[in-house]
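Here chain A shows up in two complexes: once beside chain B, once beside chain C.
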Partner chain A sequence: MYLSPTARISLLFLAIAVSALFFADIAITTANPWRDLGQFFLGVATPDFFSTEGLATALLRTVAFAFVGVALGAACGFLLSLVYRFYPVRMFCAFIRAIHELFWALIFLQFFGFHPLTGVLAIAIPYSGIFAKVYSEILEESDPGPGRLLPPGTGVVSAFLYARIPDCWVQMRTYTAYRLECGLRSSAILGFVGLPTLGFYLETSFSQGLYSEAGAMLIMFYVLIATIPLWVKPKLLPIYVLSAPFFLGEGMPIVWGNVERFFTEDIIPAPIRNGEGLADLGAWFNDLMLNEALPGIWNTVLLTQIALVATGILALLAFPLISNHFGGPVRRTSGHVFLVIARSTPEYILAYILLQLWGPSMLPAAVALALHNGGIIGHLIGRQTNTVLLRPDAPTGFNRYSWELVPRVYRSFLAFLFYRWEIIMRETAILGILGIYTLGLYVDSAIQQIRFDRAMVLILITALLNIGIDILGRYIRRKLALQTMPTC
Partner chain B sequence: MAMSFIRKLMLSSLIVLIPFAASAQTFVFTAIPDEDESKLVERFRGIADYLQEELDVEVKYIPVKSYAAAISAFRNNQVQLAWFGGLSGVQARALVPGSEALAQGVEDEAFYNYFIAHKSTGLEMSDTLPEGVRGKTFTFGSKGSTSGRLIPEYHIRNIFNEAPEDVFSRVGFSGNHTRTLRLVEAGTYEVGAINYAVWEKELENGNINTDDVKVIWKTPAYPNYQWSIRGDIDERYGDGFMDKVREALLAMDDPELLESFPRSGFIPTSNENYEPIRSVAEQIGILD
Partner chain C sequence: MSGFEFSGLTASFGGERVIGPLSLDVREGERIALVGKSGAGKSTLIKLIHERVDGHSSLVPQDLGLVNALPVFHNVFMGQLDAHAAWYNTLTLIRPFRKDKDAVRQLLTELAMADKFWTPTASLSGGQRQRVAIARAIYRQSNLLLADEPISALDGPMAHLVMKALSQRFTTSVIALHDVEMALAYSTRVVGIQDGQIALDEASDRLTAADITPLY
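Here is the complex of A and B:
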């Protein structure tokens, strides 16, 4: 039987995910998961906007950290994109973006402590790597025509500014605005490790079962993200960016000696620090690999593959919700609301909520990853189907879905999915902090035990794993000739 | 337009890097997040007010999200005083030369733990950790906790000669004692280990449904919570400051403040008193 390459690769990934299910830890361990879920929804339905004194401040801080972090990331990313063709720069960018914002925050917390710089750099560093890559892709694809028409002797800078930038400007602006939305999400979850953003208060309310408070915060967060087009205007942007640094909060003063200590003592593997021999270093490393890194990698890969396929299935099921080819305006509007909520909620927060309700296993994490990523991809391909013109006598209902629309969008669907593969893995690793046995769990345990040497090795391994998946994802996309615009 | 936008971006990034003004002589303390945060904030804001009055300097409490964050803040000199558990105190003082355990609660000299179980297990109070817990799901408190992790793990290993993961079908970390109580009460985990003081306080306040969750074992006693202070404190706040802090802590007699811990009062202690905790932590492999 002949199968197209896209069908073959889809079936292969499906088979991997199904076999991963046999090894994965999937369970609902709570006694009354549905009662808790009901209470949570009751809380969201009866939000209490006035109980937490910190709600307004938390929102302000969330926005401030996002603006400063993304602006700094965009500036550095832009500069890096100019030299992106050099291999070491590319490697450097791949490396810094392979480490999740929360890991960066955990690292900076150890020596900057609760200083605003911790949160700003945690966003700005990985975002620089991402911006550098995407900006350079945009610049590369710009039309070389205008450049050729310049008179001889035109300076490099003038040529760049007048012949390259105008052609790319709209795309760069769109992408930067899009990253700002991601930045708001990143900023919110930084609160979970103690920075003064929304996650801080959300964790507090949620862990105490104050669902009405938590519901109010989630609703405010959705409103914040849904209204971005209303309050983020090009003319207001400089004002926001310039004033944001003043709203980061005070935090604690930086003690520079701590920075030096971190790099010259804390992260040096214990056997070297204690002047033991190479044999001890080998034993130390073996122990770390066997007992923490390998189980962590195994679980991270399992969960990633399950979540990837679940994301794909959910996206395919969800896109008709907002497609013009199905249903009336009422259903489309509710479809939009569902997808906006699914994709505006950071995976970390979704996973946190589901873990509280269902108990710790890979299930809540997989569902959270699928909901968030499926929401994003469903939204993108749903919008794409709206550009498809069907014949007036085209079939309706399920036949329209399966024979007209899915085949038309399947390639871009796969492109988005493989683009998000690496992103899903990065999130999977980080979800370990919540108690799922992925790499993040071991990183968090090492940090809890003040063993930063071990934490750094594990973070490094996580980064390498991500880079590997990124390369593999790009290889598959190239093999199948799939093209995509970068998404968050 | 492009250039001006970029210039603005860069300008604003520069502003970020200007160090933030620090209120230099504020005396800052923190505490391990072993209970619900709103309870901690209420308790330690009271303590901050009390210390401010006694010490004549501005005193501030900062809440943190993890035991490690409390230790790091102490180590990094971002807080000078901390209310640690036995283990976190040992870890923190090992990292800060000259730091001292100043005072402990009267109850902390001989602290103990409860193992608690959901009604569905049918387990009852007994003299040792019953064999019936084998194969059940179990939750610790926080990873870095003495009463939530170290002591329970020590006893589990001691009694069963096996790692917790081998004794129980699922081992989790609830995060803090209040959550351990809630999770076992709800049956999310069948068995849990909890600090007796949190249990007693919640029981007294009528927050425990004793039909759903029962105490099944009380551990032997060990030294626990204490106030620890950095050794360089006198250089920064003037000679005799450490003694002043000690005196203020020992003299605390406001029943409402003490009740919030809950402790009946504070007594002097020293680093040596926590030697048993250090050796247990080393045995389990939490400390090098």
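Here is the complex of A and C:
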């Protein structure tokens, strides 16, 4: 039987995910998961905006960290994009963006403590790597014609400002604004490791069972993200960026002795630090690989593959919700609301909520990843179907879906899915902090045992795994000639 | 530089020779019209000359090479980027100096474009875009003009206006034209290109439209 390459790769990934299900730990372990879920939804339906003054502070800090982190990341990323053609720079950028914001935060927490710098750098560093890549791609695609026409003797700076930047400006601005939205999500989840942003207050309310308070925070967060076009105006941006550093909060002072100790002692592998021989170092590394890295990698890969396919299925089911080719305005509006909520909620927060309600296993993590990523892809694909013009006598209902629309959007659907593969893996690793057995769990427990040497090796392994998946994802997209724009 | 003498001009595209080898000798003060049917190699020849003179010429390419996001003023100003320091150019992007604005406005008035001073070139019509590229070439103030179909999108009176302006501003020029009448009216010498070779090279006043037509 003939199968197109796209169908073959889809079936292959489906088969991998189904077999991964047999090895994965999928269970609901809480006694009364549906009652808890119901109480949570009741809390969201009856939000309490006035119970705590923390809410306003949490939002302010979340916005401040996002602005400072994204602005710093954009500035550094722009400078890096100018030298991005050099291989070491590309490798450096690939490496810093392969490490999740929360891992960066965990690292900086160890020596800067709860200083605002920890949160700012946790966002700025991985974002620099991403900005560098995307900016350089935008600059590369600009029309080379005007540059060739410049009089000989035109300076490099003038040539760049006149012949390059104007052509890319709109695209760079759009992408940066989009990243700001991602930055708000990153900033919110930094609270889960103790920084004073939304996640911190959310976790506090949740652990005390104050669902109405948690619901209010979530609703305010959605409002904040949905109203970005209203309050982020080009003219106001300089004011935001300049004033944001003053709203990061005091935090704790940096103890420079800790910084020095971290680099000269803490992250040196224990056997070297204690002056033991190479044999001991080998044993130390073996133990780390066998007992932590390998199980962590195995579970991370299992969950990633399951979540990837679940994301795909959800996206395919969800896109008709907002497509002009189905249903009336009422259905489409509720479809939009569902997808906005799914994609604006950081997967980490979704996973945290579901884990609280269903107990620790891969199931809540997979559902959270699928909801968030499926929401993003479903939204993009749904919007794409709105540009499709069907013939007047086109079939309706399920036939329209399966014969007219899915075949038309399937390639870009796959492109988005494989683009997000690496993002899903990065998130999967980090969800270990919440108690499922992916790499993040081992990193987190190594840090709690004050064994930073082990934590650093595990973070390094996570980064390499992400880079590997990124390369594989790009290889598949190139093989199938799939093109896409970056999403976060 | 205004006059030049090149020999052995060749260009290949995808392994296939599209131009030459041919020799071209242009003296200062000559206004050359390049004629020939499309695909004969006129555009390639103009690009070749532009490369050979190391960019020391005012070029109007067929695709114009405008920066669409910038307004008309900045696109014209780009003709003199080499004349100023980087800080001056950077400042001009944000807030142009009066003397530059006056100079560009005068030029645009001559080309009947003064009302589009701050319009981004992306929102101009084809003929207007063409005149912006021509204004940039004039603003460049080089002695040699290389232009590839500079009036293809202009109507009759406007085409004459532009050709007059070009002959006033440049002592030497090589202009590819498909309009035989215009070629004869605004040149001192006609060079006809056929299959990448020079098939006709004659002073304009010794030619009639009928002599050129066989090339098409």
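Odds and ends about this structure:
Here is the rule we go by: the second predicted complex is superposed on the first by the 488 of 488 C-alpha atoms of A that agree within 3 Å, B and C clash if a C-alpha of one lies under 4 Å from a C-alpha of the other, contacts with A are read in each partner's own complex, and residues count from 1 in each chain.
Just so we're on the same page, a contact is a pair of C-beta atoms (placed from the backbone, for glycine too) under 8 Å apart; a residue touches a chain by one contact, two chains touch by 3 or more.
The model shown is predicted, which means the values in this text are computed figures rather than measured ones.
In the superposed pair of complexes, A:P146 makes contact with chain C only, with no contact to chain B. By the document's definition of touching, neither partner reaches A:V18: not chain B, not chain C. When the two complexes are overlaid on their common chain A, residue A:L161 makes contact with chain B and with chain C alike. In the superposed model, A:V223 makes contact with neither chain B nor chain C. Once chain A of one complex is fitted onto chain A of the other, the partner contacts of A:P116 are limited to chain B, with no touch recorded for chain C. Judged by the touch definition given at the top, the superposed model places A:L82 against neither chain B nor chain C. Looking at the shared chain after the overlay, A:T204 reaches chain B, while chain C stays out of its contact range. By the touch criterion defined above, A:W169 reaches both chain B and chain C.
In the superposition on chain A, the chain among chain B and chain C reaching more residues of chain A is B. Taken together, the two complexes place residues 161, 166, 169 of chain A in contact with chain B and also with chain C.
Those residues of chain C lying in contact with chain A across their complex are 54-56, 59, 61, 63, 65-70, 74, 78-86, 89-90, 93, 136, 140, 142. Interface of chain A with chain C (complex): residues 143, 145-146, 148-155, 157-159, 161-163, 166-167, 169-170.
Of all the residues in chain B, the ones that touch chain A in their complex are 1-3, 5-6, 8-13, 15-17, 19-24, 28, 36-38, 62, 64-69, 71-73, 75-79, 91, 95, 118, 120, 137, 142-144, 170, 172-173, 175-176, 178-179, 182, 186-189, 286-288. Residues 29-32, 36, 68, 71-72, 74-76, 78, 109-111, 113-117, 120, 161, 165-166, 169, 192-194, 200, 203-204, 207-209, 237-238, 241-242, 244-245, 248, 250-255, 258, 270, 359-360, 435, 444-445, 447-451 of chain A are the ones that touch chain B when the two sit in their complex.
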